[in-house]
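Below: the structure, in structure tokens.
Labels run A, B, C and D following the written order; every chain starts at residue 1.
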Amino acid sequence: MRMVDLYNGGILILSTVTTFGLYMILSGVDSPWFAFAEHAFVGTAIGLSVVVATDYIFRTIIPRILSNPAANWPTIVSVILGLMMILRVHSSTVHLARIPITIATAAGIAVSVRAEIFSGIINQIKATILPLMGLGTWWDFVVNVTVVLSVLFVFTFYFYTTEIKGPLQTANKIGRYILYLAFGVLFAQTYMGRLGLLLGLLQSFIQPYYPNGAVTVVVVVVMIVSTWLLHKRYPELLEKLTPE
Amino acid sequence: MAHIDRRIYYAAVFLLTALLLIYPLGLPLAISPEVRHTYEMVENLKPGDLVIINFCLSASGYQQLQGACNSMIDHVFQKEGVLVIFTMTADQAPIMLEGIIANNGELMAGYSDYPYYEINGKQYGVDYVNMGYYPGLFKWIASLSADFRTALGNNDWYGVDVSEFFDSHDINHARDVDLVISFDSDDGAGDFMNYFFLEYGTPVVQSQIGVMVAGAKVQYNAGNYAGIVPSIRGAAEYQFLANYPGYALTQMDAFSVVQFFLILLMVLGNVGYYGYTRHQKEA
Amino acid sequence: MSILRRKEFFVVMIVFISIFIYIPYFFEVPQALTNLENWFMDTIVIIAAFAVWVGFITATRREVVRIQRRRKGWFYAVVILVLSWAMVVIGLGVSKTNVIFEFLQYAFVLPGDSTIYAILVFYLTSAGARAFRVNSLESALLTFGALFVLLKQAPLGEVLAPWAGPMAIYLQDTIAMAATRVFSVSLAIGSVVLAIRLMLGQEMALVGLVRRVASREEE
Amino acid sequence: MVIHISPIVEGKLSGLIFFLVALALTAYYVQNKKVPYIRRVPAIDAIEEGIGRATELGKPVIASPGMSPSGIGASTVAGLSILSYTAKLCARNDLRLLSPMGGSAESYTTMELARDLVETQYKLEGKEAAFNIDDMPFFSGRQFAWASAYCGMMLREKPATNIMVGVQYASAVYISEVGHEVGAMVISGTTYLSNIACLAASSDYVMIGEEMLAAGAYLSRDPGQLATIRTQDIMKMVLIGILILGVITLSFANEAVITLLSS
């Protein structure tokens, strides 16, 4: 057996275990395969994040500092602040970590909010200001009226500090109905997206990415039979294999 | 009908999709205006234009957008003289991009490994670079828009110094970017829109997974996005326009039929529900 | 280090940071201010890159305790520990293009991620079948909206029910868009007000001064 | 055509005015400390009912402040307020509170804050010993690894109530359906509009978008936060006014409002 086969075979078996192990949650009962897949996934995911984030420091930040340490002293300060963040893990140094947390929170919120004022609020309102007269066709009129009125009604659904009574109550109710209609539409759109994901996944099983269908089938059968056996015949073992 | 074990639904959906992927029916497809618009925007790129292709895409999203990724990247690389910078704001993306590059290009003479691939005549380090993953999502994109070269650094994803690429083409500022294309399962394009479109008017195109379509359409209609390629359906349409075979196009049949299955379930569920309640009333 | 325990220190810091982020955005300012703004943005990316280690260290600590105390299912803790440390040691110590590092990604991360997303279609089908049971005006509207769009989206639907297309486009471009728009506007307003409250020193819990806030609630 | 006043950056005038108005209003309400009228959101009853249910059944409660994919934002703050309130009730009723942390590359700070908040609530109730940091494990900064670990936790612990309020992406439906399957009462809140139809089917109570912010403020019982909701309402009324004015003027081919917004 060549190394390449061993490598591909290993990927094939382990990825099948991960995939179908996670699928086993659809049966609604816990299975050791699910627990294994879940823990393996969490473990590798934690590792991957650490590697790619730290790699960024080594690839971009450190060369920048080394190229000209005197001119890049602000970057050195940034790295020190970053290192202080790690002090969060010990109770005696928690308060030192508050400085980077404060910077990250305050600057993070400010950076995102200042752009959101435009993209999230002003441009949206600007796009809703549509003319109701002097339009080409009656259909344009219907579309514009629907957009403007829907926005107004849904807004009234989100008033919290005003008592909802009188005409506001009617508007609130209409807003609620519009929301429900919109949920239906959005659900259908979402469904389409999810379906696309399932199709992509199944396709990757059918197409050559997984070279050996027989291995996949064997692995899946082993997983299903072993879970069934554990549930029917060896409940004590199953109990032992279930994490707390 | 009112109480079907939900596992029966699961099995039915699974079987339907698997069957239709193996035996596609070849159903017709209509092109939506937004995808056509996006296609024309890429088609109209001029020599010397700089394109950022960003991946804010996890492996799961790639299953859905691989048609869009491959056909759009192939299309951009067909345009003569267009420069490309690949960036990534999702940590799984580098390994996926390697697959896409290998799929659409071939190794340059004298090299045996990534990143030295030639795609439609474009050479690595001369016409395009792969800058890899950057943490911080919107924070990094904000800092990219403020201080382009510093935020990118000089080393590409493989640690090779590519400052020559930027210097020779005189790329120094976020203003130099002419188009941003983002493949998203998280809102990368939204951040590019906030910091590139709002600051410098750079057009931003998003190809997004299904859940994000509704939100993206709002941004597209508000003029914040210059173009969108929505989910697998948009991917199939783009592939059709760009004449790029495979992927999304073959998935569309299963796609149609399973949606009909859901419609059927909705109808049956209601019929069953009313039958059931009436039955109870009579009893 | 008592200054680090004082609220005022952090309030001043937040106000300082906020001003240097907002002012260069709204006003034309000298280059020095812009440089400071850029430094802040650069710094938060670097802090974000280091923050990942906090998660890694706390996760390691938890799993080690699980193994030490031989808690039920402790061998799963071994799985997490071994895999996360293997990823870190190989990825940082050897190279991120190393065969084993890529092997672990192909074996666990990529299939895991894709699977969960694909599982959703099953849950959506079952949840959808329950959600679209018409027993009130609300659910009728929900069903009505979904039906048209499903008919339009499936390429087959366009052939069988050509009338569904225009209706679905109308609903998508007006009703659904309006609802999404208000949704995003109201949340954006929420964020703006939160940012201002933070600037006014009203949200100190967010920078780690929790106890003061929690005890104030209690009063 | 846009209005340009030096030294304001071109095209930023409208945003600046909006920001300053919000600043003035918030400052006024923070100073004033007068608690405004607030509609009681039904979600609060739902949370109390959920805790009551857990007490009756003697089962744990599982709660999460969401995955905070873009750092700490308004929705995450609402999620944290609700988590903190849940922790208080759990401590008071001697319930075990499970809270899976993580979910995105930005969730690290949220995790630390959540742990602090929960611990503080236990301390304030005098149940310091009952707080166990291992019940708030970190399940990686990746959405689906976190979601599957969340579901695994639910399968094993069979919680009576699952409270998931905060920023939730696609994984919300997955978590709430599994919660529904293991017999938990599910209370969810999300900013993801397209999920709501499904969440409504699988949860017992859903908070729709801003409802979540109102609930968070209501539960925090902080006059400042409550006043914030008032500010938000006023800003919305202002926007409605601008919208109506804009539509009317534009119908008569007058682009003044559009010009102002573009400035």
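Rule of thumb we're sticking to: a residue touches a chain if its C-beta (ideal position, glycine included) is under 8 Å from a C-beta of that chain, and two chains touch if they have at least 3 such contacts.
Just so it is clear, the structure is predicted and the values come from calculations on it, not from any experiment.
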Interface with the most contact pairs, given as the two chains involved: A-C
Per Cα centroids, the chain farthest from chain B: D
Length of the line joining the C-alpha centres of chain C and chain D, rounded to whole Å: 12
Centre distance in Å when chain A and chain C are each reduced to the mean of their C-alpha atoms: 6
Intercentroid distance (Cα basis), chain D paired with chain A, Å: 16
Contacts with two or more other chains, residues of chain A listed in rising order: 22, 25-26, 28, 35, 37, 39, 41-42, 45-46, 48-49, 52-53, 55-56, 61, 88, 97, 101, 104-105, 108-109, 111-112, 114, 116-118, 121, 124-128, 151, 155, 158, 179, 182-187, 189-192, 194-195, 197-198, 200-202, 204, 242-244
Chain D residues counted as touching two or more neighbouring chains: 12, 15, 18-19, 70-73, 105-106, 109, 112, 138, 140-142, 144-145, 148, 170, 193-195, 197-198, 200, 209-210, 232, 236, 239
Two or more partner chains touched - positions in chain C: 22, 25-26, 41-42, 44, 48-49, 51-52, 54-55, 58-59, 96, 105-106, 109-122, 124-126, 128, 130-132, 142-143, 146-147, 150, 153, 172-173, 176-177, 179-181, 183-187, 189, 191-192, 194, 199, 206, 208
Parts of chain B lying in touch with chain A, wherever the complex brings them together: 7, 10, 13, 17-18, 21-22, 60-64, 66, 91-92, 94, 132-135, 138-139, 142, 150, 152-155, 157, 159, 190, 193-195, 198, 209-214, 218-219, 221-224, 231-233, 248, 250-251, 254-255, 258-259, 262
Contact footprint of chain C on chain D as seen in their complex: 6-9, 12, 15-16, 18-19, 22-23, 26-27, 30, 72-75, 77, 80, 84, 102, 105-109, 111-113, 116-117, 120-121, 123-124, 133-134, 137-138, 140-142, 144-145, 147-148, 170-171, 173-174, 177, 191, 193, 197-198, 200-202, 209-210, 213, 220-222, 224-225, 228, 231-232, 235-236, 239
Complex contact set, residues of chain C against chain B: 34, 37-38, 41-42, 44-45, 48-49, 52, 96-97, 102, 105-106, 109-111, 113-118, 121-122, 125-126, 128-130, 132-135, 143, 146-147, 150-151, 153-159, 172-173, 176-177, 180-181, 184
Interfacial residue positions of chain A with respect to chain B in the complex: 26-28, 48-49, 52-53, 55-56, 59-61, 63-64, 108, 111-112, 115-116, 118-119, 123-124, 126-127, 185-186, 189-204, 206
Residues on chain C engaged by chain D in the complex (per definition of touch): 22, 25-29, 48, 51-52, 54-55, 58-59, 62, 65-66, 109, 112-113, 115-117, 119-120, 123-124, 126-128, 130-131, 142, 146, 179-180, 183, 185-187, 189-194, 196-197, 199-200, 202-203, 205-206, 208, 210-211, 213-218
